[in-house]
Amino acid sequence: MEPFFRKLLAMDRRWIFLCLGVAVIFPTFFKLNLPGLKASPNVQAVYDLVENMPEGSKVLVSFDFDPASKPELAPQATAVLRHLFRKKHKVVAMGLWVTGVTMAKDIVSRTAAEANAKYGEDYVYLGWKPGNFAVIENMAADIHNCFPKDNDGKETASLPMMKGIRKLSEFDLVVSLAAGSPGIDTWIAYGSDKYHFKMTGGTTAVNVASMAQYVQAGQMTGLIGAMRGAAEYEMLINQKGDAAAGMDAISLGHYLIVALVVLGNVAYFVTRGSKGGA
Amino acid sequence: MEIVGAWIAVGLTLFMFSFLYKDNPFYKVGENLYVGITIGYFVIQLWYKTWIDKVWDVLTGQAHDRFVILIPVLIGALLLTRFVPKIAWMSRWAFAFVIGYGAGLAIPATLTTSVVIQAQATAKPLVTMPDRSPGAAKATENAKAAYDKAKEGAAKEDEKIRAARYRYEQSRSVSEYTFLTAYRDFTTIVIFVGVFCVLFYFFFSIEHRGPVRAFSRVGILFLMIYFGASYGNTVMGRLSLLYGRVLDLKDYSRQMYGFATPVILVLMIAVLAALHVKNKGKDEGHAA
Amino acid sequence: MVFLKRQLPLLICFVIGTVTALQYYVPTNFSAEMSEGLSNWYIIVSMFAALLGFVSVGMVHTKKIQRQEPGWAYSTLVILGFLAMVIVGFVSGGKETTPDGRPSSYGWLYNCTLVPLQATMFAILGFYVASAAFRSFRAKSFDAGVLLATAVIVLLGNVPFTNQVWAGWLGIHDVAGVKIEMTDIVSWLIGTPNAAARRGVTFGVALGAIATSLKIIFGIERAYLGGGD
Amino acid sequence: MIRAVAIVLLTAAAASAQGLEGFEVFDRPGDAGGTVIAAWKGVPGGDAGVEYVVSVAPAAGGEWAEVARFASTLHRKVEAPAVFGYAESNERENYCPVDGLLPAKGAPGLAKGHSLETRVRVEAFRGGVRVALSEGSASARPNWWAPQKANVLVFALLFGAGTFWLIARARRNPDVFVRRIPGLDAMEEAIGRATEMGRPIVYLNGLNGMDSISTIASVSILGQVSRRVASYDSQVLVPCYDPVVLSVSQEVLREGYTAAGRPDKFREHDAWFITQEQFSYVAAVDGLMLRERPAACFYMGYYYAESLLLAETGGSTGAIQIAGTDSVTQLPFFIATCDYTLIGEELYAASAYLSREPLQLGSLRSQDFGKIVIVAVLVLGGLVAMTGAVWFKHLFTVAS
């Protein structure tokens, strides 16, 4: 056994790359449709929140991510926006990450078009401003002043929907879809804990563990975690999207990695006794 | 235009992926382009979204106090004196503004969000007293009735019945001290103990001996659970990103994009193989 | 001169810092207007701060090209990428789409260069995570064992199919109303011991950040001024 | 609308006009102006099934305008703890904020944020019959102080004062106790091993600039490492990501070698700049590690996604690896791949321990005191909460 494991450990890592590549690519050609997806309590909480707000509530969606986390957060954004438009809420979208501006615009206009939402009346896309927390601080004072024009250069004050929205605290809900900082933690510290509005959001898998404390302390309601959270949300709104389609590939990848961890440790313990390092 | 775009996108994606083989010229091309393109994109955003609409429009507008906007512009310009060694010290005024503002805003915000509220959320009653009011008893009774009704006639417990049972257990745990109540108290206690012990682990003013050592040991275990959860989730994140790229590559390998993916892939492999043959025997490492 | 170089920055920092911090406790309209004004200034100054970074990157690469240092050809790509983006940006007037809703040349270049480059950069890590899982993640000590065990539970629990086996086929749902499906176990791990540990870390980090901010405002911590006189 | 008002007036005339219990109208405390609040304790005969109608009119005279209409179960005082505190009776008593009182363009003789004197009338209806009516007046004004945030202010002042006092104390007497950090022993060992094997040590400062606390700590640890390396006559290699960090590192190395009495052994090119592109940097450092096969790798400072690539390659060369970072998302990778990891604050503590700098020691001590206070609050809070009392919890509530 031992020589085998020794050989295994010395194997070129590019073989592992190949295995993972196959595990991820395979399900994109042959759909497995693995069952078992269930909404976790945190995703359910976000869904309930949006579902139970009265029609026409004012919602701010902040795109705090860039193309690097697109596969995780874009499906979340799409699902949440579809839900918001379906419930006829008034959506104001913006972002704190500069390289996400164009991508966010694309997602917003695509979901709005699906729901026949009208620009300026049902939704607005304000774009981006530099300054992270200062943007939140500035919006708390006056959104029209912070964003004198929307992303396409139209006067913000001239958009009918924005007439009734001047301050951050006037929003019924703020959703931050964040891949890091500035993101949910910034919105909580400089926004909701200070100016008191309802806060929820979604984040990448890497950050889920760090955001749990805010959910536990009630500083935000619910949390959509990663692509799986997006798939759960898609299931709740009954409209499958990119995340649901990706779960198969991700699942195989997960099992492969668990197997690798176990195999690696077995090899480690078997070969450890005898002399000679890796 | 769309086909050209697809070819560029596929090319750049594969350039970046070639890093898996090793650091090579393709990857370097991708990486350096990335730096330039990001800066270019950023500059355009700054020009239109900040300079034009927050500075230029104000200056050319009608407001009587419009020239006040020149103050932050001046502060910003001072930052750039960094590049002129003789007057570089003037950039300190601007840094003082930026850092002072950030620090001033951070003190109360951090204290509120990360200390006061977090402490409040941890200091909860560790044992819940059952609610003996008639209202709670009534709620439990109703939930029980609903559960009984749901399971009537059903041979096996399905999703619906289970939901009714959960609701019943839920209200029973409020009016009586049940296993579920105990579980919730346990959760509160775990959070309490976890925070307590982790704080002890990060305590540097006393030697870790005796009970302090025990607490800090437990603290480490909690930290390891945190890091384990974080690791598990990170894997999911990275795999999602990989899947995203694979999906795009697959999309671009269709005929309507001129089979961009397979063609470029084959070309790249050929070039890398050629380079490999050419460099054989030479030292491939490079430090600086 | 010494006043201008050393004391004045500390004074500016002190005044701006205290005013901003006190604004949190003073709700009056004067304070609110001040906060609005300062945050607006900060946004504009941030623009120049970003520029500062760009200029220094630009200088590094132009220097490389001028001196024809090894790899200088790659540096021309930085300049090229920058120019391409800026030119199409100005041509499109900074708009991502044309009035008829199609992507403008600026939006097009973004979609076919920036998006794949940035996304792939982090997708590569998926492969390294896999190889590290095999080659480096060892239960070398009890602590590392706990880390690995948690990681494996989270990894398995994050796959919906595990729950199908667990709850759907094995029929494990709950114990007297306490849900123990795979999803719930992962949620509990993340929402309870993980949140507790994270909170313990947060306390320390937050206190450190507050102490640093206080030291900066009161001019004890001067590292940001840089060296020299 | 007009008809509805007319009906209201008719019924009002028919009923007896009793007053609401404990009715008052006042400016909302702790705000920027523009809002007054009407508050009352109840209606004679209990508020079950009662509907309240709130109307306002300028005190100078004018029409009443209805601004709110709600059932008695809504608008309870508990919803506004910032105004009414946490009395238990708040669950039963009602209030109504009246917003938007500021004149649109300001009024002559009226300061900003102030409103004209406004009359507020509250009527209570039960089954369409008016059972009570009260009226009062107040003007809105901005306030200079937000009493609901007093707790945060007190904590900030206490912590600030403590920090400065402890720093001052550490300056007078830098002999502040900091517990031994196990990772430091491991570093010592690693340096020894490097000497025995005659192979170098690779030391990375992380990817952040000199403005980050972790980089400062990392460079200060490098200073101590270089002293030991110099006295053992070993070698430390410092490939840098940031030009500024590079020049500081070179300075620190020079000082370290000089302090160890071996200035002749200092080689300036032991620290060199690689590149500021994340993965190119990693590729170069990985190449270096594979070529040099160092005896030990130290990863101190702030890292991003590259942590995994670095530590994995380092581990595969068989080097002893010691990491120290406050980048929490990368910590799991270091812990699983390195022999020893300084977690978060331990990095700062290690730097304070080694450098004995009063500024670092003082604030480390003040953070420890802060933690003691938090521990005390948690224990006390848990105990008090178990008695069912809520006052302790409310000391830590930042009310809206």
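We just call them A, B, C and D in the order they show up, numbering each chain from 1.
Methods note: contacts are C-beta pairs under 8 Å (C-beta built on N, C-alpha and C of every residue); 3 or more make two chains touch, one makes a residue touch a chain.
As the structure is a prediction and not an experimental result, all values here were calculated from the model.
Taken together, chain B and chain D share the touching chains A, C. Averaging Cα coordinates per chain places chain A and chain B 9 Å apart. Our note on geometry: chain C versus chain D, Cα centroid distance of 16 Å, whole angstroms. For chain B, the set of residues touching two or more other chains reads 19-20, 28, 31-32, 35, 38, 41-42, 45-46, 48-50, 54, 101-102, 105, 107-112, 114-115, 117-122, 191-192, 195-196, 199, 202, 223-224, 226-231, 233-236, 239, 241-242, 244-245, 288.
Counting only residues that touch two or more partner chains, chain D has 149, 152-153, 156, 159, 279, 315-316, 328-329, 332-333, 335-336, 344-345, 370-371, 374, 398. Chain C has residues 21, 24-25, 32, 40, 42-43, 46-47, 49-50, 57, 93-94, 106, 110-111, 114-116, 118-119, 121-122, 124-127, 129, 131, 133, 135-138, 143-144, 147-148, 151-152, 155, 158, 190, 192, 194-195, 198-199, 201-205, 207, 210, 212, 214, 224 in contact with two or more other chains.
Taken chain by chain, the contacts link every pair, so each chain touches all the others. Within the complex formed with chain A, the residues of chain C that make contact are 24, 32-33, 35-36, 39-40, 42-43, 46-47, 49-50, 93-97, 101, 106-107, 110-111, 114-116, 118-119, 121-122, 126-127, 129-131, 133-139, 148, 151-152, 155-156, 158-165, 167-168, 181, 183-184, 186-187, 190-192, 194-195, 198-199, 202.
For chain C in complex with chain D, the residues that touch the partner chain are 21, 24-32, 57, 60, 121-122, 124-125, 128-129, 131-132, 135-138, 140, 143-144, 147-148, 151, 198, 201, 203-205, 207-208, 210-212, 214-215, 218, 220-221, 223-224. The touching residues of chain D, counted against chain A in their complex, run 315-316, 318, 328-329, 398, 400.
By the touch rule above, chain B contacts chain A in their complex via residues 20-21, 38, 41-42, 45-46, 48-50, 53-54, 57, 101-102, 105, 109-110, 112-114, 117-118, 120-121, 191, 226, 229-230, 233-237, 239-247, 250.
Of all the residues in chain B, the ones that touch chain C in their complex are 1, 4-6, 8-10, 12-13, 16-17, 19-20, 28-52, 54-55, 69, 71-73, 75-77, 79-80, 82-83, 89, 92-111, 114-115, 118-119, 121-122, 162, 165-166, 168-170, 172-173, 178-180, 183, 187, 190-199, 201-202, 219-236, 238-239, 241-242, 244-245, 248, 288.
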